[in-house]
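The next block holds one structure in the form of structure tokens; read it before the comments.
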Amino acid sequence: MEMDRSVPRRGLYIGRFQPFHLGHVEAIRRLLKKVDELVIIIGSAQRSHDLDNPFTAGERYVMVRDALNEMDIPSARYHLLPVPDSPMHSVWVAQIESYAPPFQVVYSNDPLTRRLFKELRITVESVEFYRREVFSATEVRRRMLSGQNWRELVPPSVAEDVDRISGVERLKELAMTDSPFGRKNSELTTM
Amino acid sequence: MEMDRSVPRRGLYIGRFQPFHLGHVEAIRRLLKKVDELVIIIGSAQRSHDLDNPFTAGERYVMVRDALNEMDIPSARYHLLPVPDSPMHSVWVAQIESYAPPFQVVYSNDPLTRRLFKELRITVESVEFYRREVFSATEVRRRMLSGQNWRELVPPSVAEDVDRISGVERLKELAMTDSPFGRKNSELTTM
Amino acid sequence: MEMDRSVPRRGLYIGRFQPFHLGHVEAIRRLLKKVDELVIIIGSAQRSHDLDNPFTAGERYVMVRDALNEMDIPSARYHLLPVPDSPMHSVWVAQIESYAPPFQVVYSNDPLTRRLFKELRITVESVEFYRREVFSATEVRRRMLSGQNWRELVPPSVAEDVDRISGVERLKELAMTDSPFGRKNSELTTM
Amino acid sequence: MEMDRSVPRRGLYIGRFQPFHLGHVEAIRRLLKKVDELVIIIGSAQRSHDLDNPFTAGERYVMVRDALNEMDIPSARYHLLPVPDSPMHSVWVAQIESYAPPFQVVYSNDPLTRRLFKELRITVESVEFYRREVFSATEVRRRMLSGQNWRELVPPSVAEDVDRISGVERLKELAMTDSPFGRKNSELTTM
Amino acid sequence: MEMDRSVPRRGLYIGRFQPFHLGHVEAIRRLLKKVDELVIIIGSAQRSHDLDNPFTAGERYVMVRDALNEMDIPSARYHLLPVPDSPMHSVWVAQIESYAPPFQVVYSNDPLTRRLFKELRITVESVEFYRREVFSATEVRRRMLSGQNWRELVPPSVAEDVDRISGVERLKELAMTDSPFGRKNSELTTM
Amino acid sequence: MEMDRSVPRRGLYIGRFQPFHLGHVEAIRRLLKKVDELVIIIGSAQRSHDLDNPFTAGERYVMVRDALNEMDIPSARYHLLPVPDSPMHSVWVAQIESYAPPFQVVYSNDPLTRRLFKELRITVESVEFYRREVFSATEVRRRMLSGQNWRELVPPSVAEDVDRISGVERLKELAMTDSPFGRKNSELTTM
């Protein structure tokens, strides 16, 4: 990791963004007050079309970018990067470092993320939660499946993005499957 | 996908066939009335020796072939192809297309299969179910494990194939394990 | 597999050792009375930092080695080898054979392990269990998580090894996560 | 491997068939005199669109099937199965056995194939070569690239199959590339 | 691929950018006159530290971004996305589509890239070359290794980026190795 | 990496050992004077049966162990661990750390190995070469293939180990192949 102070101070923020919601927006707004640039990692980039991961990396990229545009956050302030999962937890941090520009601090509340970075002596700080009980991707997907109001949990542009790709319909179909290629992406691991 | 009409009209039918049962037989009989040739994909070909996937691709190949022979369905009418899972749902259709002869229509009732092919503008049609409540591989495996009559759910030749490889004994052993290499094939993902 | 009798008689013993406990110790002590040398496989070597597999292969290697040293079992009597999982159950035995020195017998009580080796005509014998109800890695991890006495289930040196890497703290953090890189290593499959 | 003599005597024949040519045809004709059924493996099934492997598994499947039909070899006499490569040479035979119906003998002249099967105590016999200096896939591809007569080396139906997919044009384009996704499939290994 | 005309017209441009040079800059400048937004794919994202691919995806990301900033190309005009290679050429296009925002046209001069996209009925157009004989990444790396002037072939900011990570020194060391983990990344394929 | 000084000072030494020869023996003898314990990594553990990597990890394990026994180096002084390659150079060091006991210094003369560890701030020291022009695995394999005296380059026990597995015969067969599963292991990458 670069420590050169002539480069901007960068923070790393990781999510799966299945989908991107107002909690993510608020976290990014706050983090951008602390760092010059934010490296936003779209995690589990290889996954899509399963119940916990309905959207492709490209679809999620569009959601994040559209939402940040809508909020007038200049794209010069952040880096938005899809990164596939690693087959070993123990090399995951090295893989993130290989895909991302250098960063000086990781923002995360997740105990495992925090630990993996800390075990490699990388600085980890917390993110203030913004009404986590509703602003969670699990809650958004739950509402999508049960026909409840999920739109109030995401930026307007994300609702449009989801509609454009018939995202709710896709999620409902994923909930019905019991097919050979299954409900979990992990069941499709090759060979 | 080839659209050349000088080639026969081919339909694609996908299953894991764990094991091949009378519901599959009936579906294939009906589909062969609609198309010149049927491409039968043995899905999740890499899996075996787990509770949901007890049989190898080779064992399943033998079951399907023996059963179709027994029914006097000429092997010239179908193509029987093992295909391993793909690590990404989003490339799975491309992988099927790469392994199979060209086809013009996919027969499936599974919502996810239907959606993945439809997202790529491939024609999908339904398969009429034949007493799905009993003719399901899950039910066959349940009966095998609980000592109930599973033979009435499969073609006679498949019962023989299962016996030849001591298939019921294998399934029961898989149900007892809690070993390092686990009950789920997915726990054996490499690296 | 070598059958040459000028080489020592070797037995194979496989475990994940998450962590290594007194039941493993007792099994190894008994097996060393039956064979000249024991090949001890650290299975699922690629896994770590998940609830069922908290420790890395290297950490588990240290635990086994330290415990056997503590028991005055000379390292000349055994071979201690990490082996990653295979993506196909059906090739797992071939992979073990490729990583290990030649062996003549596999010691295992696990029904699936026994079956996979037997299907390849390899001799399998049972291991006498030593108070299996408490001496199990699952029980050790359960006690670690619930703050109960796990130390009495492992050799003193293993307790020290776990403490040195703050292993209990790691396990508790793994239990709290719901992060993108998840609680299960299998969710990190590449691509 | 099954040894049950109530099942037919089966031989295994492996090729990449890039493309299928008259030498393969002749070998299969001779082998079908020795066994009841022939298991024909389309090796390196995952490869296509590189200089040594221009055709997909599905395209090669069509070539073999069309050629054997043209020769009036009944499809009941053979099994035609795509099998992807294995990441370890040492487990490759186990993978073939997992994908294929049971077989009693392997026909191959290739020293490495012969050795890998022999190391596992599987019977290997030779295939009589039919004018190997011209009937080789390497020679066919060389002629395709240099504009020479490749059609005389393949069955008429294969020439048609190659034409239908503009196969020569594809090969020539592969020869011109120096792109990021390269001339060799191996450069596209994931992760 | 989305065809919705309410979204901007997007072009796709793929490179490995090992390293990013003035030819890439010129191509991007021209392409931005033809489309609303350019999706720039950093191909072979998983590769680094080999002779043909010395730089990590993260390092290449920084090079492209810094160079486009230096040219006053607003980051709102482009999307910069690392994508790992696919293990099958035949699914590579599907993988690109899964990682990228929807696009309507691919710009490429590479025969293989052109073919793979065309086989899936995606529009492909050419890129005008800008003095290709010198502005090639191969030439830049050659000059780096031989101590010649490579700086004149890259944007000033890229020269700084390379210097900051001691890139030339790394490349020279890669040229000297004959180590177990080799000169080619492909020799490190897992398992 | 552990820095705890109550644990022994350990050095890391990496090789493919295809095969293990007198140069390796001499290096290990010298390194054992500098550290309490040596962690010896059998690299590229997944490879075998190709021209550059004829021997399996298990066969190489036996060679190293037998040779060190023959030299009266107690097995308590070293750790001998097979580690498969990583699909990304940039995570290879993290993978080694995950498989091995903690170490404080890496001994290597290879420029790439040295660099990868140094980029992660791990101490690297040189190994004195012992007549490198003849004591190289490449030279041993060359002599094996050409029928020259390779035995004088390896410990007597290694010559016996090679003979027991008909190693020279295997290498010569590998040199003759041009089969589907090729001369290079990398051509067998899965999927």
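Annotations for the structure displayed:
The letters A, B, C, D, E and F name the chains in turn, as written, and every chain counts its residues from 1.
In this text, contacts are C-beta pairs under 8 Å (C-beta built on N, C-alpha and C of every residue); 3 or more make two chains touch, one makes a residue touch a chain.
Because the structure is a prediction, the values reported are computed rather than measured.
The greatest centre-to-centre gap from subunit A, using C-alpha centroids, is found for D.
Interface comparison, C-D versus B-C: the higher number of contacting C-beta pairs is recorded for B-C. Mean C-alpha position of subunit A lies 35 Å from that of subunit B.
Subunit A and subunit F have Cα centroids separated by 41 Å. Here the CA centre of subunit A is 24 Å from the CA centre of subunit E. Across the assembly, subunit F contributes 46, 48, 56, 84, 86-88, 90, 97-98, 185-186, 189-191 as residues in contact with two or more other chains. Within the complex, the subunit E residues that touch subunit D are 14-16, 43-44, 46, 84-90, 92, 108, 110-116, 186, 189-191.
Chain contact summary for the complex, subunit B toward subunit C: residues 46-50, 56, 87-88, 170, 173-174, 176-183, 185-191. Against subunit B, in their complex, subunit E makes its touches with residues 86, 88, 90-91, 93-95, 97-98, 190-191. If you check the complex, the residues on subunit A that touch subunit E are 2, 4, 7, 45, 48, 56-58, 61-62, 65, 69, 74-76, 79, 81-84, 87, 97-102, 164-165, 190.
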